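See below for the structure under consideration.
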Amino acid sequence: MQAETATQGTPPAAAPAPPREGATRLRAALGRWEALLIGLIAITLIAGSALSEEFLTADSFTTGSLDLSEVALMALALTLVIVAAEIDLSVASMLALSSALMADLWNRGLPLELIMPICLVAGALCGAFNGFLVTRLGLPSLAVTIGTFALFRGLAYVVIGDESVTDFPATWTDRGFGNFAGTFIPNTIVLFAILAVAFAVVLHATPFGRSIYAIGANQEAAYFAGLRVKRIKLILFTLSGIVAALAGIVISLRNSTAAANVGQGFELTAITAVLLGGVSIFGGRGTILGVILALFLLGAIQKAILLSESISSYWIQIVTGALLVGSVLGPNLARRVSEMRRRHAHQHPLEEGQ
Amino acid sequence: MSAPAAAAEGARARRLTEWVYRVRELGIVVALAVLIAVTAAIEPRFIETDSLRNLALNASIFAILAVGQTLVIVTRNVDLSVGSVLCLSAYLAGDLLSGNQDLPLPVVFALGIALGAACGLFNGLLVTWGQVPALVVTLGTLYMFRGLAFLWTDGRQVNAETLPDAFLNLGSDSILGVPILVLFALVVLLVTGQWLRDYRAGRELYAIGSNPEGARLAGVRSERRVLTAFVLAGALAGLGGVLFTARFGTVDATAGFGYELTVIAAAVVGGVAIFGGTGSVYGAALGALLLGTITSSLIVLRVEAFWQQAAIGALLLVAIAFDRLVGLRVDAALRRRSARRAG
Amino acid sequence: MIELRDAAKSYGAVRALHDGNLSLRAGEVRGLMGENGAGKSTLVKVLGGVVRRDTGEMLVDGAGVDFHSPHDARDAGIAVIYQEPTLFPDLSVAENVVIGYHPLGAMKRIDRRAMHRQVQGLLDRLGVRLDPERPVRGLSIADQQIVEIAKALSFDARVLIMDEPTAALSGPEVERLFGVVRTLREQGSAVLFISHRLEEVFTICDTVTVMRDGAVVHDAAIADITPDELVRRMVGRELTALFPKQDTKVGEAVLEVHRLTREGVFFDISFEVRAGEIVALAGLVGAGRSEVARAIFGIDRPDAGHAEVAGRRLPPGRPLAAMRAGIGFVPEDRRQQGLVMDLSIARNTSLTRMRSLSRGGLIRSSAENSLAREWAARLQLKFHRLEDSVGTLSGGNQQKVVLAKWLATDPKVLIVDEPTRGIDVGTKAEVHRLMSELAGQGVAVLMISSELPEVLGMADRVLVMHEGRLTGELSRAEADEENVIRLATGQHAEAA
Amino acid sequence: GETQEDQGSSSSSSSSESSGEADPNAEIPKGLKTVSIPKQLGNPYEEFEHSGIDEALEELGGSNRISGPTEASASSQISIINAAVQQKPDAIIIAGNDPGAVAPALKQAAQRDVVVVGMDSDVAPDARSVFVNQVTTQLVGENQVESIGKQIDYKGEIAILSATANATNQNAWIKVMEETLKKPKYKDMKLVKTAYGDDDDQKSFQETQGLIQAYPNLKGIISPTTVGVAAAARYLSTSPQKGKIKLTGLGFPNQMRKFVKNGTVDEFQLWVPKDVGYLAGQAAAALVAGRITGKEGEKFTAGRLGEYTIGANGEIVLGPLTTFNAGNIDDFDF
């Protein structure tokens, strides 16, 4: 209603003036969700520093971020997949497979410089396999990736069995564990930052990224607009595979251990981060920034609880879970309440409440 | 068109649909038969009653969980928190009994199931009233319930040692050669199966999963039904927990860790469509049995332990791909028939 | 028996219904007429308890009621056939009919035998042969409609409301339905019957209510009103004024369709559309027109035949190729196929142009916005901000965005499927003006429409489909209501 | 696997490069703070162990805090280590989930002169000063083989039911068992299969059952893990092979008592977990005080347990396995 009246008569060309536009774009960039997350982070930082004077230190950042680096990497690609209204539960298993491959090839005496590309290719193949089953056979990605979740992890064990390889050259393991040029920022986080920027640009500024949103929000309409829905989804799953494989390399170097059992349960943590970052599980909504903030929040909470002498680490899970549910529930309830008020005020449609 | 022709067509249609509805269960039964046959051919002891008994035993708890999962999936939802719920109930049962050896077992079961149902209610309310997607809700409660389990047990563990034999025997004894655990599973299976098949509430679950908006227009009380589904799923997870304690005697905060994906896998292998509307609890239970049997037979066949997981994953993929292809063929057939009818 | 007073309902910006006054008496069959988007279905949804009215009151047997859910309406003895399908593809026909109200046997178990007997009875009453145990998945639109009707008749309702039940039905089936309606009338039930077909309303109805732009504008006994007056009241002005199609010089054939066939949906469709010409594809709902359009644009793969644009053959099943070849396609279902509701006006407009709008792989939002603003101006779009999601626009303005999206690609061929469905009269005229402008600029326009006046007013040539086959082609001169209906209902044989 | 062994030997030298001379009668500072990191919280066995650390530190007027991951994975243990290091305790006592993976984090600890003591399941030797071993790998292997051999009078097929496929200590023990079986005394015994129960009760139970079906002539099972041996015993107690197939392993008296009494199990073995922790606590204190530096041959008194000597690779051995049977089991309660 207001929309109509607001522009009654005014020629559309004159509608939004450039400066206001900029403002709105800024508001869009820092949407309600991101604001919410920043608020939560602030609270966590305060609470954390109250719990332990060690909390607000470069050290906390270094180690805390190291702990999450692989999950963070995978969350980036996963964001794109989920925005496209699909899901990939097999990321952690692809990570393990990549690590296992790394171990096996290393035992066979290949140089790391050669092994790593091979792992990435393997990851790409795994991802493409997911994508193939989803796009060509039209199977639901939830079911498919539960299957490959088991398959890829299993293959990891087939490749390297119970062995774990720990004798990678220090030059590389240090790269995995060390900090960036004397700063307190771990190399892995620098890597993450680079990828984060890349993914943000792709998702938010390119036709490809725009297509992902369109597909996620309304696949049929996207197809009617001539977008290559299947191909784009295939690419996304492949991408997810490559990034997972990269994470596998990272974790192997960082822990200077490659084995088949690494990263169990990472998939759920990564998905948690993505959803907490404001990406809709139904697709079409969410930003990379939100996911980055969510990762930071998770890391901060984990660190705070670990550092506090009084709170047992069990609480990490409880708080994480509560946040995940609460972050979606809160806005819903808020909307419901405001709608109820509006309806009582000037009789608004019931329907939209549902 | 002429009456006889129609009648014939009707018959064909009936046969076709019968086939569509049953084929999945048949498919799994066949797969099971083949698997057992092959294994037995190589290792005859595999089909000794004792060993078959164990196959059923191992599957029964997963079967119960899969039945619960089916109720939820059929409505286009999912419950990832089963493993954690199971853990809570399992520990409750263990804790109660080791605290008080001669607590009447029915009470223990009642409490365990009640706790599970409460968890299910929590999930269900968040999904229906809170309008949070089931995947998000249950992913969250998967963590929350597990964390609570850790807090509660706080490193303690329940040992078979401290549990009354009457209770532990439930996990191992048989009546007329059928393990009690299996009887539990069968009862749950048949009751739920009947409910889904022959009661309005049950049918409406399928309607909701098949076309939510349509269900609303048809006056189905969707929210209430979905809530019911979650509560039942929780209750069954609770039952599973109590039985878990009876069978394994030892329970700590890690009981049922990672069960959720296995259970969903079982349901999906059993032909329960992940997007709701189709699938039967019988299929789901058979799926659980099939997964369990694969593990056992791979062990018996002395296959490297490392292949087991891969095999299960592959099987799951084959199962859903098979579903999909059959589904396409049937749709095509139905459409062609109706087109003939129209033209 | 049931009465609605001053009911109003808006969807965000759209005032779907206001001054909703309607009363049904026992033993009365009332027709409800109105153009697309007049608010008929909305009124129905209010009566059915699907949508809660914003204001006004509803009376059943003189007592004020307030339905919170379809369930309440049903308990009040109101049966509704909604316009959009409400069936459960995975369940059997029988279950679809009785869902939620299965006949129960011992221990409240569903009595399947009784269920099948009951449903079979209903189907026989409607004189159709459908297997009650067959799943609904894959039923033709017509059969689906039959199931909907059976569903509504499955319990003895005092009030039966039918929103375009005959839209997908052929002659005999309609006759049977009318038979049922008459018996209901004898039994003293009240019936509300919605249809776009005048002749049906005049055959079956005792009284008629007319809606326009969301309001009830006229109410009369069928005896006291002539078809012409009825149409005038529906449209609100003289027909000719509505469709300003000026004649344009017709050029070369741009779009050629050769023997296009899709198993079970349409067969052996061949025609051509020339530059500067508007060709209408008419027919009853479910005749296969949309499917033809979809096949041409490459949404579906045809089983045989192909389409050519300017002599270049299009690869089957490749929308992108069709797009590059210069086809624009405004699909039937705006909400599902035309727009991405969550995305902004600007982004929907640029969806077809992203590549050309980006430099170095990055979309230049300045270029994007100027494109959107330009088209918004040219189509006189009523909007608040270009960043608003299209979901906030009124139906008509949404349709304009869809048009903008395609016109931005300046197409050689424009296929529009039900371009004015659910659009208010004003916007409708604009859309029509726009289409004839385009034709004037030499675009070849293929227009699918279920609205005869629109077809007759706009088209240079009319192609008519019936049950998936082209049953005739009429020049502008030959085309009149009667001819089109005859071909559309497959009666050309008798006519010849 | 192989690679771990390699690293073990290769870095054996580096383990003893901890600087400074040992001063046997240095004062143990009051108010020692240590953090002890189990493989996983909520594992009762580890609870016993770590209660021993608490005991030792209270005795020495210090305090210990237990902080561990909720699942037994290296990566989650690393976060715990990092956090622990930040809290600057005097010493960290850890049972590693993976020898290599936790090493880098532990080395960071050493750099901030936090003493690192390995216990129960070793970490890379260059990542800790000393490792308190419940028994030598050698002893476990030999004792367990002897225990089962005795029961099946040194004839027939035996199998091993282990924990996770890459548990350091398990694999090391199994290695020794294989060596031991080569001795002439055991020539008639054949190790047919090593199964992995992942320290998961159900899996172990299922694996046991699998073993027995796969190997009809199986005579005995060794399960050197508390979860495994209990699960195996419970399976046997309800199966026809009860008493026919012998079972030994490492188990808790409390878990095994009923199986010993109902004749499913004749004997099984274990060390006293609490003492492991106690010794580790004492060693940590001695290291902090400078009474020892971790060099081979250094001696120190570990409270109620008496004097201990540091062996090769900075290893301190608690002692041989205690054997529990119907005769003595009631004297133990853990």
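All chains are identified by letter, namely A, B, C and D, in their written order; residue positions are counted from 1 within each chain.
What we mean here is this: a residue touches a chain if its C-beta (ideal position, glycine included) is under 8 Å from a C-beta of that chain, and two chains touch if they have at least 3 such contacts.
Remember, predicted model here, so these are calculated numbers, not experimental data.
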Identity of the chain that, by mean CA position, is farthest from chain C: D
Cα-centroid distance, chain A relative to chain C, in whole angstrom: 42
Distance between chain centroids, defined by C-alpha means - chain B, chain C (Å): 43
Gap in Å, rounded to a whole number, between the CA centres of chain D and chain C: 75
Per-residue multi-chain contacts in chain C, two or more chains: 50
Sites on chain B at which at least two other chains make contact: 146-147, 150, 154, 305-306
Touching two or more other chains - residue numbers and ranges from chain D: 41, 70-71, 165, 196
Touch relationships between chains, expressed as pairs: A-B, A-C, A-D, B-C, B-D
Touching residues (chain side chain C, partner chain B) in the complex: 48, 50, 69-71, 73-74, 80, 82, 85-92, 95, 99-102, 104, 108-110, 112, 129, 131, 133-135, 137-140, 142-143, 151, 263-265, 467-468
Touching residues on chain B, where the partner in the complex is chain D: 43, 45-46, 48, 50-51, 54, 58, 146-147, 150, 153-157, 159-161, 172, 247-250, 252-254, 257, 295-296, 299-302, 305-306
Residue ranges of chain A touching chain B (in the complex, touch as defined): 89, 133, 137-140, 142-144, 146-155, 157-158, 161-162, 260, 264-265, 268, 271-272, 275, 281-282, 312, 314-318, 320-325, 328-329, 332-333, 336
Contacting residues of chain C [partner chain A, same complex]: 9-13, 50-52, 54-55, 297, 299, 319-320, 322-323, 329, 331, 336-343, 347, 351-352, 354-355, 358, 361-363, 365, 369, 373, 376-377, 380-388, 392-394, 405
Chain B-touching residues of chain D, taken from the complex the two chains share: 40-44, 47, 70-71, 165, 193, 195-196, 201-202, 205-207, 209-211, 213-214, 216, 227, 230-231, 234, 238-240, 254-255, 257-258
